[in-house]
Amino acid sequence: MIHLLWLGASLYGFWLLLSGHWDSGLLLALGGASTALVTLMAWRMQRLDALSFPAGLWRRLPGYWAWLFVEIIKANQDVVRRIWQPARFPISPTMAWLPASQKTDLGRAIYANSITLTPGTVAIEIDERGVLVHGLSAEVIADLRGAAMDRRVTRLEDGEGGA
Amino acid sequence: MIAAHLPALQVVVPLLAAPICLLLGRGRWAWAFATAVSWLTLAIAVALLSQIGNGDLPGYAFGDWPAPWGIEYRVDRLSAFVLLIVSGIAAAILPYAWRSVAREIPPEQQAIFFTALLLCLAGLLGITITGDAFNLFVLLEISSLASYTLIAMGRDRRALTAAYQYLIMGTIGATFILIGVGLLYMLTGTLNMADLAIRIAPLQESRTLHTAFAFLVVGIGLKLALFPLHLWLPNAYAYAPSVVTAFLAATATKVALYALIRFLYTIFGVAFAFDAMLTHWILLPLSLAAILSASLVAIFQDDVKRMLAYSSVAQIGYMTLGLALVSVTGLTAALLHLFNHALMKGALFLALGAVAYRLGPVRLTGMAGLGRQMPWTLAAFVVGGLSLIGVPLTVGFVSKWYLILAAIEAGWWPVAALILIASLLAVLYIWRVVEVAYFRPRPAGAEAVTEVPLALLAPTWALVLANLYFGLDTRLTVGLAETAAAGLFAGVAR
Amino acid sequence: MIAPQIASQIPLALSLAIPLAGAVGIIAARRTPNLREAVTLITAGLLLLAVWSLLPAVLAGERPALTLVELLPGVAIALRVEPLGMLFAAVATLLWPINSLYSIGYMRGNREAHQTRFYVCFAIALGAAIGIAFAANLLTLFIFYEILTLSTYPLVTHKGSEAAVRAGRVYLGILIATSIGLLLPAIVWTWHLAGHLDFVPGGLIAGHLDGPLLAVLLGLYVFGIGKAALMPMHRWLPAAMVAPTPVSALLHAVAVVKAGVFTVVKVLVYVFGLESLQSVPSAQWLLYAAGFTIIAASLIALHQDNLKRRLAYSTVSQLSYVVLAAAILAPISAIGAALHIAAHAFGKITLFFAAGAIYTAAHKTEISQLDGIGRRMPWTMGAFAIGALSMIGLPPAAGFLSKWYMLLGALETEQLVAVAVIVASTLLNAAYFVPIVYAAFFRSERAAAGEAPSHGEAPRPMVIALTATAALTLLLFLFPEVPLTLARQLVES
Amino acid sequence: MAALGLYNYWIVIFLMMAGFYVVIAQGNLVKKIVGINVLQTSVFLLYISMGKVQGGTAPIVVAGATSYSNPLPHVLILTAIVVGIATTALGLALAIRIKEAYGTVEEDEIHAQDESL
Amino acid sequence: MSARPVLEAIAKLLVPYILLFGLYVQFHGDYGPGGGFQAGVIFAAGLILYALAFGLDKAMVVAPPALLRPLSALGVLLYGGVGLVAMLNGGSFLGYDHLAADPIAGQHLGVLLVEFGVGITVAAVMILIFFAFVGRSE
Amino acid sequence: MFAAACLGILVVMALALVRASLPGNVYDRILAINMFGTKTVLFIAAYGFLTERPDFLDIALTYALINFIGIIAVLKLVERVAGTASPETDE
Amino acid sequence: MSLVLDLVSWTMLLGGVFLGVSGAVGLFRFPDFYTRLHAAGVTDTLCAALILGGLMVQAGWSLVSIKLAFILLFLWYTSPTASHALAKAALRAGLGPRLAEKENPPSKS
């Protein structure tokens, strides 16, 4: 229930930001009605799928994003170098199963998307064994094996995180 | 007050009735509602015709935007004439649909069927009444999409491929029309037909105009099944449900012909379309080829519906031939045949639908001996066939009369001769059916069939009698066709 | 003045209404054959009264007229009784009751199927023939002409056998093809030239067209009127012989072929005008075409062993007499043409009746089987002999009169070709009719092995009918005043 | 800008031809629909590229206005797109039902099946 | 573990916002025509994403076809109804000026309602078509 | 400046289109089409600035949405069809 | 100030375009589907961020910037999802990657 209230509030905020017409009573009312409708539909969906977002996730997320953003910039630089100067920076495509310490589907999804979002690595399969990753070079796979990202995502999931 | 809104209601009533029909859900209710709506549209068409008779040219500005800014509907003699035949055919066919659809369409699809039929009707009426070129395209596509859906509901799986083929060809045609309309818009900045006519007049040398003209003629030719763009038609007619075949054969190609006439005469003008673009030198050979080749092919068909479908291709040739003669008499003949052929083919396909009601798909051999077992149905077929041949006292004679007269007036004797030869080909294919039905015994193993219910016979005979009535009393049809043709030629219509 | 006009319009309207009502009545009575046949006879009788009641007025110079409906602007479906039409209608309606009587005997005697359809089509065909006779304009004529074709088609294919259906195709094919392919454009052309289609004494298109084009238009008409069986448009006629004999009688003696030649004469007189045709040398070809048909058909007839086929080719030949007579373009030969329509009708129907009687009584169809049959069927073969006389053109049969007028016309206009054709064909006619009569009466019967022929005359109604028509053939020779007056009015108008 | 305008036309014509070719040459029913879509897209581009009429006025009735832009040209494109989408959807639906009925969406195979009937 | 955890998570996160975005477009058509169509497409797209992630069955519970079918008709009727009301108020068909005492207000109301009708129909029809396609081929 | 950005993005789009039309397997094509789609989003946004029509952003967002759902749907379709066909083939 | 902002925005847009072109070139240079996937990732992440960011700098603190942020957010949520789905589908369909050395065979045990 609390979750739905949060969702409703964020939806209305989304409406306000999109609309910009904060002086029109009609549009504010329509926004309210729209929010109510969508929240109702979200509630119907909620009862169907087992997925849920842990309450603390949103609080911890900005920090993770900041870290991830830096990772992404570094990864971009790496891939662009390999595109333009293949002689100096040759690729060595590598594929490997990496362990994943997340306990929930959501956590693993975030981990997989984070891997994919950083250029040079793509998550291909996710299951109980972990994540199957394709890397542009052996180095990026090795970096991932370092498990820094895995740990951060797991911490994101439950607030503790391994190691 | 209502009188002023009639042009809009002519289209809006069936258009809005379509979704209501869908909401009704049950086949029987949907049928009753659609039938009532079709009669209402016929009443509106008659009322509009009487307004024309009083000397008015009813018009309508949608959304209170005056033409040429808004979409304008406008009724003149030509459109009133076509509105009458389209709504009249719908009003005659829908009562027939009760039994026929119950037999041919699964119950859960019946509401969709009538919805699509009403949409198709609305589209066809809209094409006829609209004074806006782009609106014409939209309505053409509404009716076409509805037709594809209707055809695909045929029981034979080939109905699917036929509908698909029609969809592809029809969409190419529509796209060409869209291109033509777009080029005209680019050239003139307007979409209103009357306005287009005025703006096009000084631009006769423009290459864009020539291109637009070519795209429009080819596009409409596809929808019209003008030879050799007719390849979609035989299968579409052959495998569609009986009601759909009758309805489309009697109305869809007629409305496409209307669109062609509207573009050639009202928008481009006689001077451009014929004197400059020499359209008649294209239409003439195509029409003659259509008449002769399709009639010949019809003779060799074993599926009776396909036979009549090929006959339709030939009959469309007669209509375009009337245009190709570039004279008031020729245009009169085309318009008359437009009206008359709707009556003939409507009657013939309904009679055939009645046979199909008893027998399923109708092969020539399957009709052996039916003359005695289904006397009223077969009699209707014979009268319809006579009309198609052009025997006096039927409407077919009236159209042929004017067509030959126009050919003789133009001094084109070989054309007159070809028209007559083709009539003889019609005798051949119609008589094949008559012979089998009346002079062959019912095959030994075949189950005995009885006459179809009155619900099928009455609408069929209504059209048969219309064939005879309008073959005898030609004041309305000839009068309207002649004045409309004269007006179109003088460029004063609209 | 209104009263007499209406007085003549009522029988005129009835002339069309009675056959139609008769057809409906026959359908209504289909379950009781006696009642159905009674309806047929009553209808025939009433029609006879209605048509013949017009005769005094026409003889007195009146032209009763009636407009039914305006079909195209300026062209109505309208009736107008003029002398030639009166003559044709009078002959047709006189023969219908007799033919009906004969049909009843024939159909019952041979246990034919589909009798209701037979009588209905018969009634409609007669109505159409009346419509042709009384048509006031070309369009009306054309319409009834087509109705006649269509209503006689089921009669031709009556047996439903493969052969009958094939013959029906030829029948319908030629008649429809010529009428739509040639006659209709001729009519449209005429309308284009004159602006109307009403029959006008002196010629509807007189002055509108001349030279070779006139000859072309004439060709469209004459060959377009396929029912006149001018070669090469004659093939439908022998083909249609598969029909039951009463149908052959009706087709070949009365309604269909007479409608054809009647139309030809009418077109020559009222559309072209004899005088304007005389001024166009190229129109002469018609004379040669008719002459050729007469001789050729006679030669073919000579080689037919099947009695009905021989009669059919005789008909082809005799019809062209009418065309030839009209094509001579002399008023006096036109009288001959008109008379021959009547004379041939009575003579040929007698011959067909006799052929049908032979088939019904003796089941014989070939001429070579007829040796000595005159002794078993004296009435039948006696009538046959009178009919044959009329065909050859000898007194005291009606055929003599018409041939006489034709010959006069040919001599008057110095058409030596026509004279030669008439003389030669008379010899040919004799050559193919006289042996039949001779064999019937003077040869002894050849009995087939093991079976002694035991038949006598055909059923009573048939004998009465053929006796009556034979008598009429003689009476027409003896009292030709009425037809002669009508024929004179035709050329004087 | 003139060159750009001309460039538009070439794209339109290229797409038109390409779409048309696919419709005609392809035996696969689904690909034909793709071709139809390309063809239609070319027309939308044509409508987009033609822009406003030179010297036109707004859709307000002005006395003496002889040339004007239609009030809502983008409505035309949008409408045409809706029509196109509807056609595509119906075409694909038909293709699916044909696949169910025939087990293939290849034209020649369908044809062969119908012939063998 | 679910077969497609990534898609499910992303869909669950995004779908409500997509739906709301659709409604935003619906009601912010700048008082001009066309908005209803895009809005309908976006709204339908949201539900289609849900169906792609969680399967047809669940999507059909969230948006039951039995509800969508009448909705698709109702949208058109809303359009036509506005037109007819304008007509009854003395204007022409779809003459928005006649919907309210003030012509400008009438225009706004007319466009809003008509576009809403379009949006409902487009969304309902698109979802129905999607269901029909996927349902058939599964 | 926006014009230059627009042009640059157009170049990227064109390259993606070319890649999509080169021979290859279906996944390469989808990849290129996806790239084309996401760059179109950027293009629309930049073009909105070029023509001073910030309302184009709604269109860009819509386009991004449709592109994403389209790719997912196409993949589903390919997955179903590719049950029989080899991915290395051109089709 | 505005000059500085313009310069920043300029740089970002140019950088974005450069990354876009790089990604597109990678699409041609890399040997197989999986490696090309990485090239595309470049254009989806930093390229998009730089271009949209450059526009945001132009727009300043406004609703327009917020919308641009929404677009970026949306792209960053969805593009890895799409890439992942694409790779997964390709691998499951049997499209084998070209690898530098045969370690860790991709097939599931």
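First chain written, first letter: the chains are A, B, C, D, E, F and G, and each begins at residue 1.
To be clear about the criterion, contacts are C-beta pairs under 8 Å (C-beta built on N, C-alpha and C of every residue); 3 or more make two chains touch, one makes a residue touch a chain.
Bear in mind that the values here come from a model prediction, so they are computed numbers and not experimental data.
Q: Higher C-beta contact count, B-D or F-G?
A: Result of the comparison of B-D and F-G: F-G.
Q: Which chain maximises the distance between its CA centroid and that of subunit D?
A: C
Q: Centre to centre, by mean C-alpha position, how many angstrom separate subunit C and subunit E?
A: Chain centres of subunit C and subunit E, defined by C-alpha means, are spaced 78 Å apart.
Q: Taking each chain's centre as the mean of its CA atoms, how far is subunit D from subunit G in angstrom?
A: Centres of subunit D and subunit G (C-alpha means) sit 31 Å apart.
Q: Rounded to the nearest whole Å, what is the centre-to-centre distance of subunit A and subunit B, using the mean of the C-alpha atoms as each centre?
A: Averaging C-alpha atoms per chain gives centres 60 Å apart.
Q: Which subunit G residues touch at least two other chains?
A: Within subunit G, the residues that touch at least two other chains are 23, 25, 37, 67, 70, 74, 77-81, 84-85.
Q: Subunit E: which residues touch two or more other chains?
A: 6-7, 10, 13, 21, 28, 137
Q: For subunit A, which residues are shared contacts with two or more other chains?
A: Where subunit A meets two or more other chains at a single residue, that happens at 18, 112-113, 123.
Q: Please give all chain pairs that are in touch with each other.
A: Final set of chain pairs in contact is A-E, A-G, B-C, B-D, B-E, D-E, E-F, E-G, F-G.
Q: For the complex, give me every residue of subunit G touching subunit F.
A: Per the stated touch rule, the residues are 6, 9-10, 13-14, 16-17, 20-21, 23-25, 27-28, 33, 36-37, 40, 43-44, 47-48, 51-52, 54-55, 58-59, 64, 67-68, 70-71, 74-75, 78-79, 81-82, 85-86, 89-90, 92-95.
Q: Under the touch definition given earlier, write down the residues of subunit D that touch subunit E in their complex.
A: The touching residues are 72, 74-75, 78, 82, 89, 92-93, 96-97, 100.
Q: Spell out the residues on subunit D that touch subunit B in their complex, using ranges where they run on.
A: It comes out as residues 20, 23, 29, 32-33, 36, 39-40, 43, 46-47, 50, 53, 56, 59, 61, 67-71, 76, 79-80, 83, 86-87, 90-91, 94-95, 97-98, 101-102, 110, 114.
Q: Could you pull out which subunit E residues touch subunit B in their complex?
A: It comes out as residues 69-70, 72-74, 76-77, 80, 83-84, 87, 91-98.
Q: For a test of understanding, state which residues of subunit C touch subunit B in their complex under the given definition.
A: Touch list, subunit C to subunit B: 69-73, 77, 139, 142-143, 146-147, 150, 154, 157, 160, 164-165, 168-169, 172-173, 176-177, 180-181, 184-185, 188-189, 191-192.
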